[in-house]
Structure formats: structure tokens, C-alpha cells
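Below: a set of structures, written as C-alpha cells.
What follows is a pair of complexes built around chain A, which joins chain B in one and chain C in the other.
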Partner chain A sequence: MDASGYVFDLTQHTVRELNQALHNLPEQGPPTAWKVLNPAGEHTVAVGINAPCTVEIAGHVGYYCAGMNKYATVTINGNASTGLAENMMSGVVRVRGNASQSAGATGRGGLLVIEGDASARCGISLKGLDIVVQGAVGHMSAFMAQRGRLVVCGDAGPALGDSLYEAQIYVRGSIADLGADCIEKELRTEHVEALEALLAAARIALPARQFRRYGSARKLYHFSVDHADAY
Partner chain B sequence: MCGIVGLYLKNPALNCHLGALFEPMLLEMTQRGPDSTGFAIYRDPQPLGGVKIVLQNAAADFEWAEVAADLTRHFMADVGFRPIHTHCLLTLNADEAGVRRYLLRANAPYAVVSIGRHIEIYKEVGLPAAVASMFKLSAVQGSHAIGHTRMATESAVTTAGSHPFSTGSDLCLVHNGSLSNHNRLRRKLAKDGAVFRTENDSEVAAQYLDVQMRRGLSLEAALYAALKDLDGFFTFTIGTSDGFAVLRDPIACKPAVMAETPEWVAMASEYRALAKLPGVERARVWEPEPATVYVWEKGGQARAARAWLAQAS
Partner chain C sequence: MTTKSPGLIESHLYSRDVIAEIQRAATEGIYDIRGWGAKRYVPHFDDLLFLGASMSRYPLEGYRERCDTNVVLGTRYAKKPVELKIPITIAGMSFGSLSAPAKEALGRGATAAGTSTTTGDGGMTAEERLSSKTLVYQLLPSRYGMNPDDLRRADAIEVVLGQGAKPGGGGMLLGQKISPRVAAMRDLPPNIDQRSACRHPDFTGPDDLEIKIRELREITDWEKPIYIKIGASRPYYDTALAVKAGADVIVLDGMQGGTGATQTVFIEHVGIPTLAALRQAVEALTELDMHRKVQLIVSGGIRTGADVAKALAMGADAVSIGVAALIALGDNSPAFDAEYQKLGSRAGFYDDWQAGNDPAGITTQNDELAKRFDPVLGGRRLANYLKTLAMEAQIVARACGKSHVHNLEPEDLVALTVEAAAMAGVPLAGTQWIPGRAP
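Right, the complex of A and B next:
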């Protein structure tokens, strides 16, 4: 530990040692600061944290970085591979570069900020997490998303919000096409206010009024007898 | 699973380090494919009218000199040969189509691994570290290399079922994924003259490209045609005499990442395979888009064509 906190160089330590050290932090303990050097695309960096701390990762990470995160603020100064912040519970995960597919999948709470682009299936099966993407998202983003918000400052790929439940989607750019049962909805004052707060939390200076809102038409919730011929 | 890596050296001054740069990429993909390993190296082009062949026979006492003598008699040409572990590199001046026909004849006492003027493919069952060491990969020089670590799903773990699959002259294909319509396609391609050597789905993709290109399609056009005709999951990397191409299926479940600097362009299943390349911290790193052909050719920049959008509509 130096003046700025704990430093973990992954050329000197294994990811398992890093994660064990993070898991040893007491859940109610004082916040600590961590730096992770030379991640070199390693998988499962800073996964399963259950304590208030800040973790700064210097470089690109592999799969499932900051998965299941609780309380911690994890910043990746690089790109992240598949499954970034998968099933995160609370806290903040921020990636300065791009995120590969399934970023924020099944996330239950907290805030995930992707400053670059996210690829396919961003926020798949979202369950309460807020995701703010400064760039674009790939196809099938927010697929079957149940709760939480996906905010896309750039463009969205094909089949956005397919089979959506009650998650809300905001998009500022163009959308290739909407998935089944996803429709545009009115952007009312309460949505503008909530979106302004979320953009501020994500430290993105864009007017909320520039976004359009999308949600579920709720037509897939129940079997429709009109569709009986389709089976 | 399966791991794919590709490296093209834009700066010819690096060519003497190809193996040293490429081997760690391949070894980093061990967890993705511990069953078998293979790689294609592009180097030492034969002069026009020359052919370079890699053949394989697992027997330790196999007489490669007899194969060379047989080719000398058959093609009236001097044949150079150099056995490397279970493989043998042979060179001769002869018509490539004729050589291909002769080598692929029934009951030849060897398997044909690659044919072309630039390409050499080496592949074997075993961990990447073992296979790289068998063929002394770290010392290899050349302009580019494509590699594969296999976790078998669709067919047996054999040398013939290992990647890369050679697809016509100087072409090879490596595949991460699985094709679901390969049996039907295999029967169709066999009618079009393709000679299959394995039950492997990836060989079907390789033969498919070969058949399309023999019909006159460019590599890029053949790959866009593949998007329509191949059903299943795939990330392909295709090596050519002067570069390589990358294609992912429209669902894009199988990973791929590309990186480019003024010195080199590289692709891999995962970023960690690129993490040791010199200057990678300053590289442009991106994920290839689904259903988009990326082609890198000598002297050019990596380019992506979204022609599939036009074709699909």
C-alpha cells in the first residue's frame, strides 16, 4: 500500500490474489483505494466485490470484469471484453473505452457507464441496473430487459429492446430497428427530469430533451388467442 | 470454444520476428482449445510456376525421400523436401492444378495439408505449446500467420480435423463456432467437385469458399455469399497470400477482436492474445461487426464493407 492506496500489479500477482484481497474487505469498512496495473486482457478482474472501495484498472480487461459488483466504484481505463459488470448489484462501474457484448447483463442495481461503444446484447435481461452508453450499442440490446434503464447517447443496432418487459430505453441517435414488442413512448416531464439526473450521475453533458423514450407495448405478456394459428 | 489468432506484419523489418511475436498469441489461447493446434505461415514465396506443398504422415519412419522421388518422376522436375516432425515441406516447379490433382488422388500415402506458392500449414493433435515446439514456431520468419487452438465439437480430434483447413491455392480458414447445415452443404459441394477429407463442419466452410472462388467470386464476395448459405455460429479468419479476412455471423456469439498499428494488424478471439504485441497500448482496437467482411491486404488499411445490408434488402 502506498499513499494513494493498494497497488496490485498483475505481472506480480494473480487475478485470484487480487480478487481474494478485495473479498477480504469488510462490508461495512472504511472506503479503500485500489489500483490494478497490467491487466493485459485478463478475465474476471475485480469480480465479486462486496465493500465500498474504488478500483482503478490501468488497461484493457477480459471477460466479466467487475461482475456482481456491490458498493464499489470500478473504473477501467481501457476496453472491456464480454460480460462487463455482469449481474452488478450496486456501486458504479465505468469503462473509458469500449465494451464488448453483454455488458451489464442481468444487472440488478447501481450505475454502469460506458464512455465508448457497447457491442451486441448490452443490458440483456436487465433487472434494475442503469446503463449509460456514451457511444452506440449493438444488436439485441436490452433483450428481455425487465427493470432498470438503458441510455444510449449514440445509435442503436438492430432489434433494440426485443421482448422487453418493464425496463426503459432512451436513445439519442438513430435506431436500426426496434425488436418485437418494443415501441416508442412519450417523453414526459418526469422522464426528462429522471434522465437529467441519470446523465448527471454518469457525468455526460447532454440535454435529456434530445433523447427519445422506448418501452414495452406489453403485447407479449399474455397469450393472444388471435395468434393461435401461428403455433 | 476454440481460439483464433492472426498476425500480419506491415513492416517487413519485423518479418524475422513473426514466430516470436505469433507464438505467444497462439499459446495464450490454450484454454480456448486444448485438443489440437495448427497454424498457417506465409513466407518464402515460390517463383511463378513453382509450387509449395505441405504433406503429413504420422509414421516416424515414413520415407519422405520416396515421395520426393515419386514427384520428381511424375512431374519431371527437381523436388526439394524438408521433413518437419510429422509433416514435410516440398517444393517443385510444376503446374499447381496438376500437382493438386495428383496429391489428392485416392490411396496416396500421405495427407495434403496445404498447397500454394506462399502458404505452409502445420497442425497436430496436442496443446499449443507442444505443437508450436514440434514445428519450431518461435523461430519462424514470414509476413503473416493464422493460427487455431481447437476445442472439438463437431468431429473427432485428429490431425486432419485440426485447423487451419486449406482452401485452394494459398488460402486457409480457421473457425470458431459450429455450423448446423454442414451435412446438407457437404453433399451439395461434393456434387460441385469438392473432395472432402473429414467429417468436420469447418472443412465444409473452407470447401464452400473454394468452390465459390473457383466460380470466379472474389474472397469478399464469397464471404458475403457464405452469410446466406452457412447456417450456424462462426467467427472465421481466412488467410490469403497477401493478407487476411475476418467474418462473424449475424448473431455474433463467437468473439473476435482486432488491433492495428503502423507496424502490424492482428486479430484474436480475445484481447489477451494481443496484449504482448509491441506497441499494442497505442493500437487501434476494435470488435469486428457482425455480418461484416473485414479484409486486410498488403499495402492497405483494414476495411469493412457493409454490402450485406444492400444484399439483404
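Right, the complex of A and C next:
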């Protein structure tokens, strides 16, 4: 530990040691500051945190970084591989670079900010998390998303919001195509205000009115012969 | 050709059941959905027999000489393996598909019998955690209710890749069972026909799964055994891949395995029988020198202590029950026959578990129906049944001269049919012949 907090150099320590040290933090304890050096694409870095703390990761990370995060603010100064912040519960996860597939998958709460692009299935099965992507997202993003918001400042790939439930999607750029049961919806004042607040929280300076809003047509909510082509 | 009723010649191809299904499909325009498991005949443990002790084998005295039944699951990597008194576990069944009192009863019964129960595609309820000494927490594609607190509260984690009733299919829960509590646990609007994903959202193959399992171990500090559940379709390869992915325990569910709600065409036509799947899984484990190191739990049609003993003799470390557990709780009880008839069924036939109108209060989210079910009594009935299964397995094991049910082996078995001999890899009774193997 130096003057600014705990420093974990992953050339000197294992990911297991890092995670165990983070898990040893008391859930109700005072916030602590951590720096992770030389992650070198390691998987499962800073997963399962259950305490208020800030974790700054100096470099690229592998799969599932900050998975199931609670309370912590995790910043990745690099790119992140598959499953970034999967099923995160609360806190903030920010990646300065790009994120690979399934970023924020099944996330239940908190804020995930991707300053670069996100690959396929960003926000898949979303359950309450807010995701803001400064760049573009790949195909099948927000697939079966149930709750929460996916904000895409760039373009969206094919089948956006396929089989969507009640999650909301905002896109500023172009969309390759919408998935089954995903439709454009009116962007009303309350949406603009909520989106402005979310963009501000993500520290992205873009006018909310430049976005278009998408949601579920709710036509697949009940099995019906009239929708057989969608099954 | 003669017939009992001249002029009324029933087609084998177009039986009355087939005709009725064509007529139903033409009327409704959508596939049939039901609960239970496969109802068609497939080769099963009934087609195997034990060779009791004889001149060359010493039997053990029933009731007097010891025949142990305990099993330890998760010895490969987990710091805290699961230790059970009997090798019969309760399979994953969701709160949503089952009522909260029914889930509680499963925990009570399992705990009283010294075994584990399992959550399902709806998250962990407080009732089942409180009533279950050993609770396995499922990680399913839908991730409904998934959270790290419950992961840490669990005694083991089961990554569900498939289910015997529907390998390749996801969960299904019809709107009448999506009560406000179920909806809240699953983050879904109430009353919708819910269809959960068939693929996991954050991994796509065995290489990714290996990393996913590492994440689960990291989150839980390597304490919990990690199970991988597979539906029986390609069990030889799936078992080998599960070992490679780092499983502590493999749960193999044959096509007879139950479901709360699935398309009938899926239940009856996808997957392979438990008997065939078990042998292939054991072969894969043996070839990798992982038999008994990675434990194997098999499910799909386990009803009696004989089924338990036969599964163990073929190489399973434990078995798991679902449909039989519900029947033990009171499902399909003759006491409700009049009500089943009102629903167009009969006691002994009722499989409309998807509909949520279960008179027994088990497969329902209707509060009034659920109130009929007493979780204390249900738990006691389940414990009685589990203990009976264990005792029956012990009787067979002692007769074969085994001081532990795990000492049963394929050499103790013969098959009644050529098909069962081929699938189970044991000789046809009265011969030395195992189809497909050189004499």
C-alpha cells in the first residue's frame, strides 16, 4: 500500500490474491482505493467485489472483469474482453477503450460506461443496469433485455433489441436493423430529461434530443398463432 | 386380417392419439406445451437386472452388515465439497414452476434425508434457503434472480447448459404462473408468457465456459463445488468437455427427465435415453482417468431404489430426482382425482403443470391452490420416499456383496433386451454378449 491506497502489480501477485484481498474488505467499511498494474489481459480481474472502493486498472483486461460488481467504481484504462461487468449489481464500471462481446450482460444495477465501441450482445438480458456506449455496438445488442437502459452514441449493429422486454434503448447513430418485436417509440420530454441525467452521469457531452428511443412492441408477450413467424 | 370390431380398423400410423393431436393443432395453430417428461417407451433401467451373490460372490446380511450410502461431491477443486448421506439429490425446479410451499417442502425433505436440493430458473427463495441444509444454486442462461449474495449463500453452483427434457431449449413459464412475486424475482412484466434463453449470455463454448467457471470460483473464493448440468444428447463429448472446462461435478439428465413446461415435440423427440447417456458419460470419464474424481450425477427416470442401484452400478456417483419427488410430495394423488377430471385429466395422468391449476397446490402460483399444500407434511413424505430409495439400493447392494452402494459395478448387471445391452454396455442375460463389442 502506498500513500494513495493499495497497489497490486499482477506481475508480482496473482488474480486470486487480488480478488481475495478485495473480498476481504468489509461490506460496510470505509471506501478504499486500489490500483492494479500490468493486468496483461488477465481474466476475472476484480470480480465479485462487495464493498465500496475504487479500482483503477492500468491496461487491458480479459474476460469478466468486474463481474457481479457491487458498490465499487472500477475503471479500466485499456480494452476489456468478453463479459465485462456481467451481472453487475451496483457501482460504476468504466472502460476507456473498447469492450468485447456481452458487455454488461444481465446487469442488474449501477452504471457501465464504455468509452469506445462494444461488440456483439452488449446489454444482453439486461435486468436494470444502465449502459452508455460512446461508440458503436455490435449485433444482437440488448437481446431479451428486460429492464434498464442501453444508450448508444454511435451506430448499432443488426437485430438491435431482439425479443425485447421492458428495457429502453436510445441510439444516436444509424441502426442496421431492429430485432423481433423492437420498435421505435416517441422520445418525450421525460425521456429527454432522464437521458440527459444519464449522459451527465456517464460524463458524455451530447444533446439528448439527438437520440431516438426504442422499446418493445409487446407483441410477443403471449404465445399466439398470429406471431408464429417470430417463434 | 381380423379385428375385434369389423369395419373399425385403427391405423397404427394414425392412431387415435395422433389424430387427436392433428385436430388440436388445426384448431389452436400452436404446438402443445405440457409438463412431466417423455412418456413414450424407451430402453431404461427396467431392462437391466442384478446378478445377486452366488457361489462366487458373498452377500452381506441385510439389516445387519454395513452398507454405506454417503457421497462427497466436488472433491476436484472446491475447498468445501458437498457431503451427503445418500446419493439421491433433488433436481433443479424453479420457484415459478413450483409454488413457494412446494419448494420449501423439497428443502425440508432433502434435509431430513441428508441430501441436497437445487434452485431453478427463477432464483433462490428465502424459504428454500432456510429449509435446505444443502442447496445447489443454478446458473441458467436466463440468469433470473442471479446475484452474488445468493452465490455466496449457496453450497454448490450448477451451471446449466441443458436439460434432458429439452437439450437445446430454454425455459418456459406461461403467463398464468407469472405472479407478481415471480415477475419481480425475474425482472419481468406479470402475466406474460415467458420464454427464457437457451444459450448463456456471456459464453459460447467450452473454452469460454472454462473462464466462466473460473469467474464463479473467484467470486466465491474457490469454496463451492461447480457442477455442470447437461441434457443427454452427445454425452461422451459433453462429459469430456465439461471435465476440460473445470467441472467438479457433472449432472447428466436423460431424455426422460422432467420439465415444468416444454413443447411436447421437444420432450418426446430430442435427446437420448438416460441408460445410453450414462454409459457414454462414464466411458468419457474413465478414458480421462476422471471417473470418481469428477463426480457424475445422473437423472431422468429415477423412480425406485433399483433405478438408483443400477445407475450407481453403471458408474454414477449419485442420482437426481424431479418428477418422482413431486409425486412423493402429492402430485397426481388419487385424493384429487375428481378435480383432475374437471381439468380434463385423471390422477396418474396429470401433466398440465404449465397451466398453473394444480389441485395439489404444487405446480401453481395460485395462492388459494398453494395453500392446500402443507410443506411440513410434503417434506416428510419426500423424506420417507428418499429413505426408501436409499434402503432399496442398500438391499440390492448387500445382495451383491457390497459394503457401499458405490461398490456396485457393471459386472453386477445383465440386460433383458439387446437394445438395453447395447446401450448399457452389459451382457444380454444368459450370454456373454455385449452388442457392439468383440467377444
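Quick notes on this structure:
The rule we apply is simple: the second predicted complex is superposed on the first by the 225 of 231 C-alpha atoms of A that agree within 3 Å, B and C clash if a C-alpha of one lies under 4 Å from a C-alpha of the other, contacts with A are read in each partner's own complex, and residues count from 1 in each chain.
We adopt the following convention: contacts are C-beta pairs under 8 Å (C-beta built on N, C-alpha and C of every residue); 3 or more make two chains touch, one makes a residue touch a chain.
No experiment lies behind these values; they were computed from the predicted model shown.
In the superposition on chain A, contact of A:R108 is made with chain C only, not with chain B.
In the overlay built on the shared chain, the residue A:A40 is in contact with chain B alone; chain C does not reach it. Residue contacts after overlaying the shared chain place A:S100 against chain B, while chain C stays out of touching range. When the two structures are aligned on the shared chain, A:S141 is found in touch with neither chain B nor chain C.
In the superposed model, A:S119 lies in contact with chain B only, and not with chain C. Residue contacts after overlaying the shared chain place A:Q168 against neither chain B nor chain C.
In the superposition on chain A, A:G62 makes contact with both chain B and chain C. If you count the residues of chain A touched by chain B and by chain C, you find the higher number for C. In the overlay built on the shared chain, the residue A:T82 is in contact with chain B and with chain C. Touched by chain B in one complex and by chain C in the other are residues 43, 62-63, 82, 101 of chain A. On chain A, the positions that touch chain B within their shared complex are 40-43, 59-60, 62-63, 79, 81-82, 97-98, 100-101, 119-120, 138-139. Of all the residues in chain C, the ones that touch chain A in their complex are 28-30, 142-143, 146-148, 151, 174-175, 186-189, 192-193, 197, 201-203, 208, 211-212, 214-215, 218-222. Listing the residues of chain A that touch chain C in their complex gives 15-16, 19-20, 23, 43-44, 47-48, 50, 62-64, 67-68, 70, 82-83, 86-87, 89, 101-102, 105-106, 108, 121, 124-125, 127-128, 143-144, 146-147, 165-166, 221-225, 228. Those residues of chain B lying in contact with chain A across their complex are 250, 252, 255, 257, 270-276, 281, 285-287, 289-290.
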